[in-house]
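In the two assemblies presented below, chain A is common to both, partnered first by chain B and then by chain C.
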Partner chain A sequence: MKLNSLWPASGKVRAGLIIVIFFVLLAVFGPMITDYAPRATGNPPLQPPSADHWLGTTQTGQDVFSQFVHGARVSLAVGFIAGVLSQIVSVLVGLVGGYFRGIADEMLYILTAVFLVIPAMPLLIVLTGYLPTRGMISVAIVITITSWAPAARVLRAQTLSLRNRDFVEAARATGESRMRIMFYEVMPNALPVIASGFLFSTIAAILAEAGLSFLGLGSLTTVSWGSMLYFAQNNQALLVGAWWWFVPPGLAIAIIGAGLALINFGIDEYANPRLRTGKSRRKAARPAGRGSAAMSSTAASAAAGAEASSSSSGVSEGSLGGTESTETTDDDASPPQIRGSEVPGDPVISVRDLIVDYPTEDGAVRAVDHVSITLHRGELLGLAGESGSGKSTLTNAITRLLRNPAEVSGGEITYHRSTRTGESTEVDLLNLPAEELRAFRWSELAIVFQSAMNALNPVLRVSAQFDDVLRVHRPGMSAAGRKELAQEMLHKVGIDPERVTAYPHELSGGMKQRVAIAIALVLEPDVIIMDEPTTALDLLVQREVLEQVMQLREEYGFAIIFTTHDLSLLLEISDTIAVMQTGTLVEYGPATDVYSDPRHPYTKTLLSSLANLGARI
Partner chain B sequence: MKFLLRKVMLYVFIAWAALTLNFLIPRLMPGDPLVLLMERTEGRLDPGALEAMAEAYGLTDAPLVVQYWDYLSSLVQGDLGLSIGYYPVPVADIVAGAMPWTIGLVGVTTIISFLLGTGLGVILAWRRGKRSDYVLPALTFLNGVPYFWMALILVLIFSVNLGWFPVANAYQPILVPGWNPEFISSVIYHAILPALTIVIGSFAGWVLSMRNMTVTVLGEDYVTMAEAKGLPRRKVLLRYGARNAILPSITGFALSLGAVVGGSMLTEVIFNYPGVGYTLFQAVQNQDFPLMQGLFLVISLAVILANLLADIVYIFLDPRTRAEA
Partner chain C sequence: MTTVPTTDAQNGPAAGAGEVILEARDLVKDFRGKRVGLHRQRFRAVDHVSLQLRRGQVTALVGQSGSGKSTVGRLLAQLMPQTSGELLLNGQPITAHRGRAFIRYTSTVQMTLQDPFASLNPVHRISYILARALSIHGHAKGAEEIEEKSLALLRKVNLTPPERYLRRFPHELSGGERQRISFARALAAEPQVLLADEPVSMLDVTIRKEILDLLDQLRTEENLAVLYITHDLGSARAYSEETLVMYRGEVVERGSSADVIDNPQHEYTQRLLAAAPNPRRRLSNPGEEFRG
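Let's turn to the complex of A and B:
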């Protein structure tokens, strides 16, 4: 490992580390560079900062700088000790509860809840009120008692989600002891959570110590930032305007708190890439799971490394896609196989030479590379390709749902709008103004998402999710009319119209997908993009939903772009098939031709692997 | 309903745990509180007070179970013992006098800071990646500022230097409390700086958590679908994004209430604001153990109640908790 790879890429984490390291150095070496003992009196009182007394003096003539650096030692030590102790407690409670479940978990859960709900500061005050002696260690222990609970709860949740993962099951199967599984299998995977819990409890402990000392409840024989504030407050530093006395310790607490929080942001962003901002976002601008093979090899391996070690995602699609497509790069040499389409009817969407790039620091990653396809009215275009082939990027470009930082760098997408007279006008989708785009959406092109579990808003009734479409696109419609239409659409997809008042969680997976289809149909669009609409369903339900879609297509005559990695399914239902690999269209033509006479090596490989699997097509 | 029942039971249990903790602390902490009291007050204590304290603790030689029973039965009668510092005023009376100030101050400021922070969080989430992201480090800093220090700075600027606001107290001491305009306006005037302290100290936390949660939710398929539906951006953001992102904030609301209460206690001390925080501070200074415990108990119960209320609100906001199963 190179040394500079230890230096975090995120600016936030860097800033945080610099702050923390600065204060640690200050605490360690600060007391050595000051000539004054922290409690020694005898200097001129209430002096403002000067060359002699860098931060001035107190009312009794103590040197504030000396107190400040000595105070840093106590505050940081208490914070660190309490942070470590409370993390030990929460790791034990969280791991044991989450892993063992059952009665032990119930008890620990309630215990955690008790300490979570009872306010920490009053408990802290009462506990220290009874302490016979208030040393640094006993204060740290008392702070631990009041601060372990939040991290324990988070850890328990993390353990619960980890305990049934494959690698834990595997460890169980090989007969590893529970202790070993907990501490060697589960705990390492919870490390980001533990680290962030440690940072939080350290901040909390520094603040708690300062609060206690400020109330005169800390150890007043040692100098800490809190006790400096206590003496400043008690000696009316405020009223005499001795800002140098009370500004530094509070500012230091706030800055170090911010420093720890910044490091924690880094951990959060590491575990949850959606939170990334600015530079770190751009740096990570690897199209998740798409086109990773097109990256330069160093970037790809770095990305795969980051992916693999990223805490909760486990083995991700992205790294899989990356390795798979590098294995098949030999095929790149083969030219794309584009056959003339014999689909009758007028075109409804045509894509010409579309290029979509994901800019990264090592240059742009091309996720869609000069792709041209034409979708005709009523056609079912099957778009096949593995994860990372660029098929979702392509459909997202058509629906104008590309997320930052993806950008269309070339080509055009045209929608052929049919007018009443039967003629068609061409709409340049990529340059549609915002208002026209909003009007175009759903009324002319709708989408059925991969997983309806996530495509329906969990807090709104089904009726409301029909309603908002109709309110926007059919402003003249009455409330009763909207409800009637929603019920009619549900009836069409084979759902009891009374379920219109149901919430998504009250429906089964198959029903949710039907509802999503019903919502997509409500404005009778010309085109529906179906992004792996059946992948998340079990086989039987998949079949039913598919038949429903085909039946509705007969009735309404909409065109479909159907994406999936299930080629056998596509061969069965599609009119036309487009196969994508690493951002390029490698084979495109009528489904029957592609099946009987695949021309691109990649398609051949896919088809022969289907044959090996014994698929009957 | 089952969800609510389970929550109520949990909070009843937590309340019981708080009561029991309150009973056990003086008995389990190292050292004898009576000895501690005599040492620290160096004989300046009313002999009656000492007796009262022994009685308050039931520090008789009776077995722990009997003491516990006595403790619970006097609690049921609202008897929290007699204060030592203000002997022989009942603790319950002092607590009752302090509670309204704190509930007013903390209640109002918490709601302001929650609304302000959550709203700002949603806006920042919507504008992520833009220049507005640069306020995040500033918010992180604000989030780390100790309340009491913020209070000191505000006093320094607005009271000592500018003279706009009073340095301390909840109302002008010459006024007699009552429901008259003069008194009420004095109360509001005196509350501005403490309230500002608590709002500044706590709103950044809401902003940060709401921003992160909204950013996460904005990546969900249902938000993409709402956008694909052609809904106005505001609707996508509020009805689909924020509406879901606020759920964890409601749970967090209850939990961080504890932190706000803690911070506002210190704020009260700085402003000599006659709420429970200041009273607790004085109780600790006076070694007034019965008052300390009475306050701890009441604060805990109030926070537990607020948690229960937040959970009830949550039931209204998240249909999944109302599931039959």
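Let's turn to the complex of A and C:
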């Protein structure tokens, strides 16, 4: 690793490092550049700073600068030693307790809790009172005793969560010993916590040492920042206005504390390999073969996609027409296979030449590349694609849920709002103001997410989750009316209406997904976006939920965009299929046609993979 | 349109095949459940499961979530103690949950986990992960030999060129590549039994076939007894000789994979097969939309 890459990127961390390095250098070299011994008297008393005495003198004529730099040694050393010791104790207590559980954990946890509730300062004072000697090390040990507990508790919690991670199980299955797992698998992952614990216990130790010395409990024969403050206070430095006596140590304690706290911001940058290797990884080439092949075919199909969609943009509204690009620039790239769809009904959402980019340091990554699709009223559009194909980015663009830094770089998304008179007005979704967007979402377009377990708020009853939607969109509705509607919707999705008072954890996975569908339906939207709604469900439950969705679609007539990676499922249920690959729409047409006559090589690959895996295609 | 390819060629017996390496007899696993009054309810996750893993053969354990199939895998790996029943390794009863006995057991029986994104420690490079597995089982000593063997392992799981992968961190690899690393780690022990817990369920469809082909290749080349734990009956049919269907902790159906899946006897297996997505269903009644 080059020195260059060790220098932190963040300004805060740089400032913190500079501060700490400055004080460390001061403590190491300071005593060498001063001509006076820290406790030597004989200089003129209470002199303000001058060329001879950079920080003036004390009442007994001691040089303040000399005391300050010698004091820095003691304060930093006590802080560092106590920081290291208390981290060692808390790592042992936290890791052992958290990893082994059982009786050892209970004992250690009680011990931690006891030390947490004892006020640190009084304990410190009592312990110091019994110290036989008051040297640096013994003070550091006493400070350790009073300060290890909070970090130990945090580490125990961290270990409890880490020990259940798969990589720990995998290490056990490999045959690693417990000690090895604790210190080589679990502990490195807790390093950010340990490092920040170290920084904060160092700060606490510097403060505690200063506090003890200030109270006169430290070693009054060694000079530290705390003892400087003690003598300044005892000699009424404040009253006589000898600011040079007490300001330097006081300020130094504050600044070094701030410096250590600032470094804390940068710990992740070093402890997390994902962040550490971020820069070098982007420079290094991806493994050859599949990666580079995918790259070139992406570029080529992107070009082909651009052609196809530019020629299709001339086609009249509402239908994509039988646009087929016959020209390609590259032999490897296959042109997108866009077939005319014969879905009856008016369009409800049309996407034209949509481009979504994720800007990165090396230029934009095109997640959606000139995609044009049209969703008709009552249509079930199946959107298939593997991870990284851009299908979620596409649906997020339609729902305007794109997260930073994704940005729409081109194209348009139109919603065709039907009015009472049967005409339709066009709404430009990409430029919808926030207020109208809020009204549009849910009342006209609703979303069912992949994992209902996460989409439902675990601390709210089902009824309250309906209320969330209804309060915003039906402000006039009474509480009783809302409850009645919620029960009616639950009944519609095949759940006992009495379960309206249940919490999400009291429902099974399939029921939760039904509740999510019921909430999506409550305002009778024209369009429901279903983002992998059945992927997390078991086969039998998936089948039930699908049947429910199909029934409801017949009853309400909403259109669905159904995303999934399971092409065979889409082939069975959807009217139209859109297949995406690396941001490009590679095949688009009626499901039966795509099934009986897949034209794009990627669609064929997907189908043959499914067949090889034993799916009934 | 297309039909399920016959896999007889893939399933041809390897040398010395058929010999039982790991056998489970009447495995039972109870978990502690909710406390009701003074009595603590027990939850039986695995209910008298017996199975045999044979050299050079893939046995599929199929079930939905909560069926207890992963618990069976963990019991076979001795990662948790069984409530009752016994395990026989090469015909000898064996109990080894900790210490040297457990390490010796893991040198024969290795397990890979479902989630390729979670099963590799994010703070370690691939070189460390493989080196540990090699040195635990004493198959390589010294930096040079370890590197040489690590490269050989990477080649075995078709990660080429292997030099590219050694210095990488797990997050720099794709899901399929990580799953291959998991296999390489398991192979470092030179095991006789490989327990693969849902090796492809988190991967894209096009990658799944590659990984399952790799599993099949390893079974032949290393003459491994493989337990393929999955929720997918289709891939069990394509990649295993014997299939066991689990439901609520019990094995409800077992037999040769072709028999179980083409001619299911148990009502649960039949329901599972009927629920699988099947585009042919709508072709059989054209014009008819899916109604379930």
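Quick note on the criterion: the second predicted complex is superposed on the first by the 534 of 617 C-alpha atoms of A that agree within 3 Å, B and C clash if a C-alpha of one lies under 4 Å from a C-alpha of the other, contacts with A are read in each partner's own complex, and residues count from 1 in each chain.
In the analysis below, a contact is a pair of C-beta atoms (placed from the backbone, for glycine too) under 8 Å apart; a residue touches a chain by one contact, two chains touch by 3 or more.
As the structure is a prediction and not an experimental result, all values here were calculated from the model.
Visitor: With both complexes superposed on chain A, which partner does A:S443 reach: first (chain B), second (chain C), both or neither?
Guide: first
Visitor: Which of the two partners, first being chain B and second being chain C, lies in contact with A:Q542: first, second, both, or neither?
Guide: Second partner only.
Visitor: Where does A:E176 make contact in the superposed view: on chain B (first), on chain C (second), on both, or on neither?
Guide: second
Visitor: Touching A:A611, do we find chain B (first), chain C (second), both, or neither?
Guide: In the superposed model, A:A611 contacts chain C only, not chain B.
Visitor: With both complexes overlaid on chain A, does A:G250 touch chain B (first), chain C (second), both or neither?
Guide: After superposition on chain A, A:G250 lies in contact with chain B alone.
Visitor: Is chain A touched at more residues by chain B or by chain C?
Guide: Residues of chain A touched, chain B against chain C: more for B.
Visitor: Per the contact definition in the header, classify A:L217: touching chain B only (first), chain C only (second), both, or neither.
Guide: In the superposed model, A:L217 contacts chain B only, not chain C.
Visitor: So, does A:M32 touch the first partner chain B, the second partner chain C, both, or neither?
Guide: A:M32 sits against neither chain B nor chain C.
Visitor: Examine A:Q233 and indicate which partner it touches, taking first as chain B and second as chain C; both and neither are also allowed.
Guide: first
Visitor: Who does A:R165 touch here: chain B (first), chain C (second), both, or neither?
Guide: Touch status of A:R165: second partner only.
Visitor: Enumerate the residues of chain A that count as touching chain B in its complex and touching chain C in the other.
Guide: 272, 274, 277, 281
Visitor: Would you pull the chain A residues touching chain B in the complex into a rising list?
Guide: 12, 15, 110, 113-114, 116-127, 129-132, 150, 203, 207, 210-211, 214-217, 229, 232-233, 238-239, 241, 243, 246-247, 249-251, 253-258, 260-262, 265, 268, 272, 274-275, 277-278, 281, 399, 401, 404, 437-443, 446-447, 449-451, 454-461, 468-469, 472-473, 503, 505-506, 516, 519
Visitor: Give every residue of chain C touching chain A within the complex, in rising order.
Guide: 1-5, 64-65, 77, 79, 102-103, 106-107, 110-115, 118-124, 132-133, 136-137, 161, 164-165, 169, 171-172, 175, 177, 182, 185-186, 188-189, 204-206, 208-209, 212, 231-239, 261, 271-272, 274-283, 286, 289-292
Visitor: Note which residues of chain B are touching chain A in the complex, please.
Guide: The contact residues of chain B facing chain A are 10-11, 13-14, 17-18, 21-22, 25-26, 29-31, 33, 36, 128-129, 133, 136-137, 140-146, 148-150, 152-153, 155-156, 160-161, 167, 212, 215-216, 218-222, 224-232, 235, 239-240, 243-244, 247, 254-255, 257-259, 261-263, 265-266, 269-270, 280-281, 284-285, 287, 289, 292-293, 295-296, 299-300, 303-304, 307, 317-320, 323.
Visitor: Taking the touch rule as given, give the residues of chain A at its contact with chain C in the complex, in rising order.
Guide: Residues of chain A touching chain C: 165-167, 169-177, 180, 184-185, 188-189, 191, 271-274, 277, 281, 287-288, 386-387, 538-540, 542-543, 546-547, 550-551, 565-569, 571-573, 591-592, 595-596, 605-617.
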